[in-house]
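Presented below are the structures under discussion, each in the form of structure tokens.
Both complexes below contain subunit A, partnered by subunit B and then by subunit C.
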Partner chain A sequence: MNVSGWFEAVASCSSATTNSRSQALSLHPAASHRENLTSSSFKPPTPRPGHLPNMVVYAVLILNKAGGLIYQRDFNPGLQKLSSNDYLILAGTFHGVHAITSQISPTNETSSSGLEVLESENFVMRCFQTLTGTKFLIFAEPRQQNLDVVVRRVYELYADYVMKNPFYQIEMPIRSEGFDRHLNSYIKPHQ
Partner chain B sequence: MNRDPSPFRTASTASTATSPTPKYANLTASTNLRYSLTRKSIYDRHLNRTKTSELSKSAFAFLFGEMVQYAQKKVYGVQDLEKKLNLHGYAVGQRFLELLLWRDGRTAKRETRILGILQFISHQLYRAIFQKQADTLEKVRENEDEYMISDNDPVVNTYISVPKEMSQLNCGAFIAGIIEAVLDGHCFPAKVTAHTAPNELWPGRTVFLIKFEPEVLEREALRVGS
Partner chain C sequence: MVVYSFFIFDRHCECIYIRQWLNTASSAAQPLSRPVTASSAATVATSVVEKPTAGSRLSMAEQAKLVFGVIFSLRNMVKKLCGPEDSFLCYRTGHYKLHYYETLSSLRFVMLTDIRTESLKSSLHQIYVNLYVEYVVKNPLSPVEHAGGEGVNNELFELGIDSFVRTID
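== the complex of A and B ==
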């Protein structure tokens, strides 16, 4: 995607978000008033929950704290298909690499967050590790901005529709219809 | 002995030495979740105090999730689990009906007709619990004694995804229990069950099927006649 195309996408998305936001906050008259004031001035394009800018996300992977793969889902074609066994190996390998990268920080800081972004010619991968050690991996088209926003939103959906589900056993593979549905409507809203 | 870390030990020796306060005075101080600084328990508060207060949905989701898990430990099969959730709801409904009518004060009315009580449930009761009305109230055409109240997105089910092997289960059985208790409290004995009835817009739509006991219909027929 070229730069002008990106700005167009951002502009269309930011106008859409202001609309949806003022609707959501319409219960609070003071808040909607404030929204009207700011919408005329320039706003940095920050995607809101429930809205994703035109962004191609290839896949989402979730790893538990032992390095086991508990969720894997492809959203758009672009990544090579692997067998389920290979996905498990990939997850375990990444877990190991992440552990190494968090140890070999060149500065003297005791805690490093480890590997966060991996960029290649064909994709960019963003990793987010929660405080409990669960890792969220997002694979997307190269040169994507705001992937950290996406990964946090996925974390939010995980906290809502997986962790609050009484039928989910912790650290086990995720089979939650609500999570699937909401993730799909967040990542592929127009398809 | 001086370095004994037990809080009970130090407190009891301190209390005997300095003041005549009871031995376990420090216990009430540590359990101030129930007793506030003014020493008033939640039972001393006015009943209207929580009338408009709201509850965190996440906190409720976790609590309800734990309830489901707890109920799941002691049951054999889905029907048993639904019955258990229904009983939990029944206990809530009994108390809630009392509170609701008390809060209505002088305007409280005793419903004597089937339609009246169903409207009371889908409007007043629903609004008091969930701050919204039930989405539809219908009569089952085939059966004289059955009615349906539907909720497009029950609060209890928002974060719950039932696994495929338990597809019959609907945790709305808890709300069904509340409805059943309210009907019972008004002398309309009935069986209430929750069923999943998704449509395109609302994948979590739930229908509460109310089946009245025969004597209710008998009484209703007498009233219509008179």
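== the complex of A and C ==
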């Protein structure tokens, strides 16, 4: 007989001895604690602190270190629909522009980072380049202040569900259901 | 606020005005009173190429070409993503910020500042309205097309730019 079955038997039995009741009572806190742990693990992940609840993220793009587009996903309407060929062109163009923007730095620093934030009338784009050269582009509505948090979280998800996937070929397009699902559950609630 | 440089590109994608403010400590010895303009850069192009200014690794003429390539690409990218009515305003890197303003006649004004500067769209518009139109467009001696910066680098315009940049500091 396992512990929980024994515990149920003890609880259902009204004519239990004081000895077994005291055992049941002593078991009870631990059992309820374990129950709490299992029930909390099924809850959806709580939003990270530092989020605006009304943040609208339009799209997420991931570029590999050669400037090829390896992931593109729209989350909210706001950007125009482009063909996959146009997205590839856009990614390649941005890769080149990013390299040039670090060249035209007017300051004397030798290691200048490339473009980080691009603003237009209708959107703001945050670009984050990892040390290995992968670029994450987050398109959001204008005047978003804490896009850094979103970028960092997307990078975490990428590390967890793409890089740790043993079947993923590096620098190739990302087709990971887990990554899709977690990205969706992270970004969609904040619209 | 620090303004590093200022560019004007005409509708033929040609750079018609360059102005650089040398403010780094290493370049303080250079004469500040002599601005680098498009025409003066063209006349002394060889010396500029051989000896780039201390403020940047590239010569100003080379830098202007790169700046134009960047703003042209980003402008097209933004228009493709958000429709033709959207316009690219500025971008920021870790070390500088580039502000962009385009008139309806495809005249492009670009200013490079430090990263803490707020949006300069209205300031660039003021430069266009109060300085460019007044001193370049309304100048009867200025040609219609400013090939090589001809007509833009007049004294009133340069003084106006200089004093305007000092006021937005």
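Here are a few things to note about the model shown:
Just so it is clear, the second predicted complex is superposed on the first by the 138 of 191 C-alpha atoms of A that agree within 3 Å, B and C clash if a C-alpha of one lies under 4 Å from a C-alpha of the other, contacts with A are read in each partner's own complex, and residues count from 1 in each chain.
As a convention for this text, contacts are C-beta pairs under 8 Å (C-beta built on N, C-alpha and C of every residue); 3 or more make two chains touch, one makes a residue touch a chain.
Since the model is a prediction, treat every value here as computed from it, not as a measurement.
Once the two complexes are overlaid on the shared chain, A:116 sits against subunit C while remaining clear of subunit B. In the superposed model, A:82 makes contact with subunit C only, not with subunit B.
Touching more residues of subunit A than its counterpart among subunit B and subunit C is C.
When the two complexes are overlaid on their common chain A, residue A:97 makes contact with subunit C while staying clear of subunit B. Legend: residue contacts after superposition of the two complexes on their common chain; A:106 is shown touching subunit C, with no touch to subunit B.
When both complexes are overlaid on chain A, the residue A:160 reaches subunit B alone and has no touch with subunit C. Touch criterion met: A:178 reaches subunit B, while subunit C stays clear of it. Taken in their complex, subunit B has these residues touching subunit A: 58, 61-62, 64-66, 68-69, 72, 159-164, 166, 171, 203. Those residues of subunit C lying in contact with subunit A across their complex are 4-5, 24, 26, 55-58, 63, 66-67, 69-70, 73-74, 76-78, 80-83, 85-96, 98, 112, 119. Of all residues in subunit A, those touching subunit B in their complex are 160-161, 164-167, 175-179, 181. Of all residues in subunit A, only 79-80, 82, 86, 90, 93-94, 96-97, 100-109, 112-123, 139 touch subunit C in the complex they form.
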